[in-house]
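Order of writing sets the chain letters: A, B, C, D, E, F and G. Residues in each chain are counted from 1.
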Amino acid sequence: MASIKPLGDRVVVQPLEADEKTESGLYIPDSAQEKPQKGTVVAIGPGRVENGTKVDMTVSEGDEVLYGKYAGTEVTLDGGDFLIMRESDIFGVIEG
Amino acid sequence: MASIKPLGDRVVVQPLEADEKTESGLYIPDSAQEKPQKGTVVAIGPGRVENGTKVDMTVSEGDEVLYGKYAGTEVTLDGGDFLIMRESDIFGVIEG
Amino acid sequence: MASIKPLGDRVVVQPLEADEKTESGLYIPDSAQEKPQKGTVVAIGPGRVENGTKVDMTVSEGDEVLYGKYAGTEVTLDGGDFLIMRESDIFGVIEG
Amino acid sequence: MASIKPLGDRVVVQPLEADEKTESGLYIPDSAQEKPQKGTVVAIGPGRVENGTKVDMTVSEGDEVLYGKYAGTEVTLDGGDFLIMRESDIFGVIEG
Amino acid sequence: MASIKPLGDRVVVQPLEADEKTESGLYIPDSAQEKPQKGTVVAIGPGRVENGTKVDMTVSEGDEVLYGKYAGTEVTLDGGDFLIMRESDIFGVIEG
Amino acid sequence: MASIKPLGDRVVVQPLEADEKTESGLYIPDSAQEKPQKGTVVAIGPGRVENGTKVDMTVSEGDEVLYGKYAGTEVTLDGGDFLIMRESDIFGVIEG
Amino acid sequence: MASIKPLGDRVVVQPLEADEKTESGLYIPDSAQEKPQKGTVVAIGPGRVENGTKVDMTVSEGDEVLYGKYAGTEVTLDGGDFLIMRESDIFGVIEG
């Protein structure tokens, strides 16, 4: 599978699958599903350079993270649909 | 319960419950309730880095804070609905 | 009474009461009253930090100040309605 | 008369009176009068602080100045209607 | 005649007169005339201060300059209609 | 063939050809084709200068890169249609 | 012929003539012609000053350059129609 190495402070996030059926078993079309705001970090960039100083990344691959409803850009890679966003679009890391 | 560790200068705030009934006992639908502007800080980030210098957080977990009507982003965690906002969206700490 | 300790360079201002009656004694509803642009500073923050340097506040508690028609955010505390604004929203201090 | 001490690099300007009558003696209502762009500086702030350095004011009280049609905010003080603007809103000083 | 001393990096420009007649001698009303983009510098400010350093002016009084269609603000002084603009609104100096 | 030497931190990207036929062999007009977000870097600039310091480029000629749907400006050179974008418009480099 | 000496980091570009006839010989009115994005640099400014440091120009007079569809401002000089733009509006230099 082809993978992507993000530039700067970007991260690739695999969104958690939204359940496509309601509890009663009805199929929900895409437009009616609430877009998930949780996902797993699958790749991180080397970090951005600010005024000549490298700023290290805070999140790591494998972290489950929370992000805004409109964060990032959707890209389609071999392994499915992903979001590429800047680390600053990530609100926090989900623990426990 | 899963919890969230905010990144940078973000804080997780649990909004104070808006009373869902009027004094006379009538139920008020969500859209007619005045959105609360007070809440309790339940998690804080490590602080942001500005030009290579760490800027410490001013608020602490447990602080009752006041914030703008449109501050932050709503997120749903196990423990209910929360707001994630930057510390700069907080107006002040309520005392006494 | 609960009070608020503003963060950064914010100040809490108690607006001067607008006269709710005309000189002839007619009651004026809120929407027809000219919003006051004068108020009294009742709480000030510690000042903001700019590039690592603390910038002291210029106004003090008790100062009568002048501010723009749309300055600040209205908040309701125990003691009534107040405005929280940044010091930079204050035009000047009224003297004499 | 109460006066105002401007904060930062703000100045209080007393606009020149617009003639309220045409040459033929007709009264002109406010909305039809061309808003004056000239006025007299009646109070100046201490100057702004930029990166820790004080920037002195360029205009002085008594200067007749030229400013943009939409510069400043109108305030009503005891002595009449004034404009509070930043010094950067002033185009220049009228001489001679 | 009253003159104006511009503040900062502003310049006073006297626009070149647009010909008010077509070649065939017809009068052209103001709204149909192409606004001139050339003019003569009649006054310059002392230059702006950037981070504590004085930045000298590049144009001089008497220079014939080219500027954008919407540059500057029109002001009326004793000697006619002028434009006050920042030096950065000037594209270049016409030579020869 | 004429080539272009980008200025600053710009790169010239040759977009991957979008398939112009569906699997069933139908021709798809341009407007219905999903614009590709992948391409090959064919030229890079020397890098931008930030506060007097040269910031080296991260991508190299030949890199297969991923970019946003609306990144860059389309230009037509001898060799076909290309996109010129800033390196910061590139999300990452596709590997493997 | 009068010429213009650009200020700062501006350049004067002479756009390449758009062919005014189709291959079949039909005349194309201005509005239907694709605006050219190529041109020749005919004058350059001395370069801009950034925080007290002179930033040299990258392009030279005579360079054939590529720029955005909406770059610059059209000016009419003795020698025809030109575009005045900032060097940062130029994508790159066409070689070979």
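The working rule: a residue touches a chain if its C-beta (ideal position, glycine included) is under 8 Å from a C-beta of that chain, and two chains touch if they have at least 3 such contacts.
Chain-to-protein mapping (UniProt): A, B, C, D, E, F, G = Co-chaperonin GroES.
Keep in mind the model is a prediction, meaning the values are calculated, not measured.
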Contacts common to chain A (Co-chaperonin GroES) and chain G (Co-chaperonin GroES) (chain labels): F
Between chain A (Co-chaperonin GroES) and its twin chain D (Co-chaperonin GroES), rotation from the CA superposition, multiple of 5 degrees: 155
Centre distance in Å when chain E (Co-chaperonin GroES) and chain F (Co-chaperonin GroES) are each reduced to the mean of their C-alpha atoms: 42
Interchain centroid distance [CA atoms averaged], chain B (Co-chaperonin GroES)/chain C (Co-chaperonin GroES), Å: 23
Per-residue overlap in chain F (Co-chaperonin GroES), given as positions that touch at least 2 other chains: 51
Ring walk, chain D (Co-chaperonin GroES) to chain E (Co-chaperonin GroES) and onward: D, E, G, F, A, B, C
List of chain G (Co-chaperonin GroES) residues in touch with chain E (Co-chaperonin GroES) within their complex: 1-8, 10, 12, 43, 45, 49, 51-52, 73, 75, 77, 84
In the complex with chain C (Co-chaperonin GroES), residue positions of chain B (Co-chaperonin GroES) that touch it: 37, 50-51, 53, 55, 58-59, 66, 68-69, 87-88, 90-96
